[in-house]
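I've put the structures underneath this note.
Common to both upcoming complexes is subunit A, partnered first by subunit B, then by subunit C.
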Partner chain A sequence: MSGAFVKSLALHLGVIALLAVLGFVLPAYHRDVVSRVLLLGVFAMGYNLLFGYTGLLSLGHAMFFSAGLYGAGLAVYHLGWTAPTAFAAGLACGALLALCVGALALRTTGVAFMIVTMMFAQVFYLATLYFGAWTRGDEGIVLQPAQRTIEFAGLHFNPTDPMTRYGAALLLLSVVLLITLAIVRSPHGCVLVAIRENEERTKMLGYNTFTNKLASVVASGVISAAAGAAYALLFGYVGSTFASVQYSILPLLWVLLGGASTTLGPLIGTLLMYYLVDLSSSLLARAFPDWNLSHIGVVGLALILLVLFFPKGILGTIRERWLKWLP
Partner chain B sequence: MAAVKPLLIARNLCRNFGGLKAVDMVDFSLTSGEVRAIIGPNGAGKTTFVSLIAGRIAPSSGVIGFDGRDITHLPAHQRVRLGIAYTFQITSVFANLSVHDNVALAVQRTHQDGRGRGARKAGIDAALAKVGLTDRRDAAAGALAYGHQRLLEIAMGLALKPRLLILDEPTQGLSDGEIENFIGLIGELRREATILLIEHNMDVVMKLADRITVLDAGRVLAEGTPQQIRDDAKVQAAYLGAAHA
Partner chain C sequence: MPFGPHLLLATLEGLVSSAVLALTALGLSLVFGVMRVVNVAHGEFFMIGAIVAWWVASLFGGHPAAGFVAALVISPLFVGAIAFASERLVLRRLNYNPEATIVATIGLLYLLQQAALSFYGPEARPVEAPFNYRILLPWFGYSGYKLFVILAAVVLLFLTWLVLTRTRIGLVMRATQFDRETAQAFGIPVERVYAGVFAMGAMLAAVAAVLIVPISQAHYLMGQDPLLLSFIVVIIGGLGSLRGTLVAALLIGMSDGIVSMFFSPTLAKMLATGAVALVLVFRPQGLFGTAVR
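Take a look at the complex of A and B:
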């Protein structure tokens, strides 16, 4: 138990505690926004494990998120599964898809890896449209609250209750955050970083870099799928928008903003980006009511400033300048 | 020596890059416990040859055997597990990781089969102590002086507990004092591992090597003790003659 480990564990538990308190004090609108952000933050953490720590830039993570989304959503909608088993189904779908896509895509590196993952994700997206009879495509499926309710040991969890929803999202985030922390601090995490830094050298230390990278893709895919499955069950909507290329790019932006290869960066990035979009939309609408301006310009400007002044993201820069022990 | 089983053998080993025969029908055999130097002019195929042995590149044809086992088609990481360690010609330590973590990566791979944290720490300490980098364990590897990076590279090779340690130009860029230390280090290492080194510095070669293999244009030009190589007329013409005229 080194000092850095105690400090980082305390920090992570502190962040979780802070979020728990926020659940009670936030106004209803913001509590709902943050519930969403927590789930998308989990998605970003999954992305970060592969991109930040292993150094593999995927442009197809929407398929893992929506594998969880559809795996859980369709199981509830068509098979009438209960929420916990549907959640497990979502994870299984994510794991299986990540294993297959990883095994094929990892035969390539660099730009080719980006293209191949993007193409797989496009196939997945088009499949959600093609099988519209089951998925209802763009329009999507709405899961009824009754289908998503969990009865457990006499307790009754209703996902439409904002407090329950916030609590469930925070629980998932906490579990994933601590798992990520454990992974990146483990010897295996060190090997992933070594692969990112110099794959050839890692190979010559006797590591099978392919299986290590595949494990990272699967872990990343399962975490992303967990976010998707939870999204379907908590918000009750499953639609192909979540499989579109936009949802492959977004986690990359969130991670870059918050700081790649930092455990808390993805959450911070997601939160900031979400509020940036939210605030800039309403600000623009108020300032120029007739112009119908899009928030995209503001987001673009923010990204340009980020790249110019914080190329390592917010937490990455803080770690570099001040807090070297940040995991 | 005839009764001793060779640790490493290569038969009819070839590697072509397009029309270039970088390694051309090389027969090679290495006895356990020996220090062998490979010398030859630039472009003779030395690095290609040891890369074939380490599994970094695949041969065009030929067979490689290690410890009585055919390893021709074994991927590099499995050869490392059999005990073949390769240290890079161009220093390629993990620049952003600490010295300690660099060596830890090498140690923990060999210790994944259930040995505990104590063994891991002992392995790291031992490898760092051997090359004299104990004081700098917390420094970022990229911040080390070049000579120290070379030593770290060797420490990572050592930490793998190799039976065959391949060193590709280990003294390149070292000062005279550092070279003296390196010669002393190899003198100690040879008790634990067979050593195959590519080296341009003739002083180092003559002091360390039991036998020398001379490569030229992908072929074995000569092989023998340092004295035999020194006296070999072909070698003098192809290599020593040109360099030391």
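Take a look at the complex of A and C:
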């Protein structure tokens, strides 16, 4: 057991070190893409905690991501808060929303849970449009670099500098990755997996499944909100697109591709899918210029193929075949 | 315009949307009732129905009525064929696992949108109504075609009801809905019933789209609103309950028509969606349904 722990800890630290090296090696364009992917990967990790480990398929995670996005973005834009307090505000918004949504939605199970989360997310999306006076709806808000700069102990962090941005995204990813690993290995994580496998039996063993599930929704919501808040502060854009249903589907796709209930799967899935969409759109657009091909076709096809032929994802399959100790 | 006639206009508009909504939601409800899966791509079957209607109408020159009648036949058949194929190729292989089916139909939703974008384009295009007749009321003139839509929807709903309750096909479907295993034990080809029901649900959405497309326009993103509203209707009416679906369609269509005439449509949608989510949380069998066996 402890051998497996040492191996998995080494693997995770190795991945973080590799990403740190990549930050110096990658050309400017790819460094920017990967910083974006790291943040979206954090979002996917938050999603995976609920979907992969607890077995609850939410179709509304865009609301948690955008709760962080708007919580941080609006605090900077309208209240003039500094970046660290705005980040905390984003986390608090995500936690509060997840607590409320979780307490309501967890009264349902299965398909009803999926539809309820989707509808709450739709309400959130419509709210971002309705309160356009503050959020500027579809058009969105652009946060000026000066508003996002952090002064700390004489040091000066400027988020428009690509290196700083990459570093900040990697820092968040590392923290979340290690937290996820800790949660998964904790007794609470084992209860979550037990709920996924058989909720009735877990209840019979004397665990309060509702509280455990609620804790999982809140943790997942806070991690997603952290990704959103960091996105607002690092990339300086806050818009209602991020609250739309598409951003609830994408984390599901990333997690399915990388492997549900694996700690590193969401990051791998996000990275691959982002580059697949990026490369295939430009390739396909060149091959079939009149077909209006956009990413939705690729995403749709990927979803169907994954669920039909590859339901365990990349790391899930690797774990099943070769590396049994993979967390 | 004084309040009374304004309300009458809102009611008429509400009836038109109720009629179309009832047809669309009935398709979703049938699929859920018999197969116990949620078809997220239902709105896209509606959208494809509208686009095929535009395509057929543009092929037929001459009087717009000829194109309309042709569309009323061809469009549901086309959409039914797509639905049948996706049931065979995807849903059956997933063994109708509810969660995997939702993921797969989300994929199907995106694929159908992409197909519409590729073969039809991003524009919104109008279809000419089969006839132009305005009924002159003392306060405003009202399109005769819209009244025809209400009438046609009522007839189609009645026909569907006849099929479900008075024919052998309906009996087989209800038996499968009631108890899949027993039905299979009695020699009912459950898999073929599933494929048929899935195609039939999609065809109902396509018919609704052909009826509505002369009023609104055909566009590749037009499936989103019908999907959401159908969900709302099916949930309020009780998942799988046909009578509940009809009552709920009337309720939602009317209130949607009336509320959006007097208030902001975004606010109306927001409140309706939130209210329905709460219905699903606190009364999962729907307002009119009875508890699921």
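Keep in mind that, in the parts below, the second predicted complex is superposed on the first by the 306 of 327 C-alpha atoms of A that agree within 3 Å, B and C clash if a C-alpha of one lies under 4 Å from a C-alpha of the other, contacts with A are read in each partner's own complex, and residues count from 1 in each chain.
To be clear about the criterion, a residue touches a chain if its C-beta (ideal position, glycine included) is under 8 Å from a C-beta of that chain, and two chains touch if they have at least 3 such contacts.
None of these values were measured; they are calculated from a predicted model.
Q: So which one touches more of the residues on subunit A, subunit B or subunit C?
A: Higher number of touched subunit A residues: C.
Q: Return first, second, both or neither, reflecting whether A:A112 touches subunit B, subunit C, both chains, or no partner chain.
A: Only subunit C is touched by A:A112; subunit B is not.
Q: What is the contact status of A:I249 with respect to subunit B (first) and subunit C (second): first, second, both, or neither?
A: After superposition on chain A, A:I249 lies in contact with subunit C alone.
Q: Touching A:Y130 in the superposition: subunit B (first), subunit C (second), both, neither?
A: In the superposed model, A:Y130 contacts subunit C only, not subunit B.
Q: Identify the partner contact of A:A182: answer first if only subunit B is touched, second if only subunit C is, both if each is, neither if none is.
A: It touches nothing on subunit B or subunit C.
Q: Per the contact definition in the header, classify A:C190: touching subunit B only (first), subunit C only (second), both, or neither.
A: Only subunit B is touched by A:C190; subunit C is not.
Q: Determine, under the contact definition given at the top, whether A:T202 touches first (subunit B), second (subunit C), both, or neither.
A: first
Q: Provide the residue numbers of subunit A that touch subunit C in the complex, in ascending order.
A: Its residues touching subunit C are 57, 59, 104-105, 107-108, 110-112, 114-116, 119-120, 122-123, 126-127, 129-130, 249, 252, 256, 288, 291-294, 296-297, 299-304, 307-308, 311.
Q: Which residues, counting only subunit B, touch subunit A once they are in their complex?
A: Those in contact with subunit A are residues 54, 56, 75-78, 80-81, 85-86, 88, 92-97, 101, 104-106, 108-110, 112, 156, 160.
Q: State the interface residues of subunit A toward subunit B in the complex, per the touch definition above.
A: Residue list for subunit A touching subunit B: 187, 190-191, 193-194, 197-198, 200-209.
Q: Which of the residues in subunit C come into contact with subunit A in the complex?
A: Within the complex, subunit C contacts subunit A at residues 38, 90, 93-94, 98-100, 102-104, 106-115, 117-118, 121-122, 228, 231, 235, 264, 266-267, 269-270, 273-274, 276-278, 280-282, 284.
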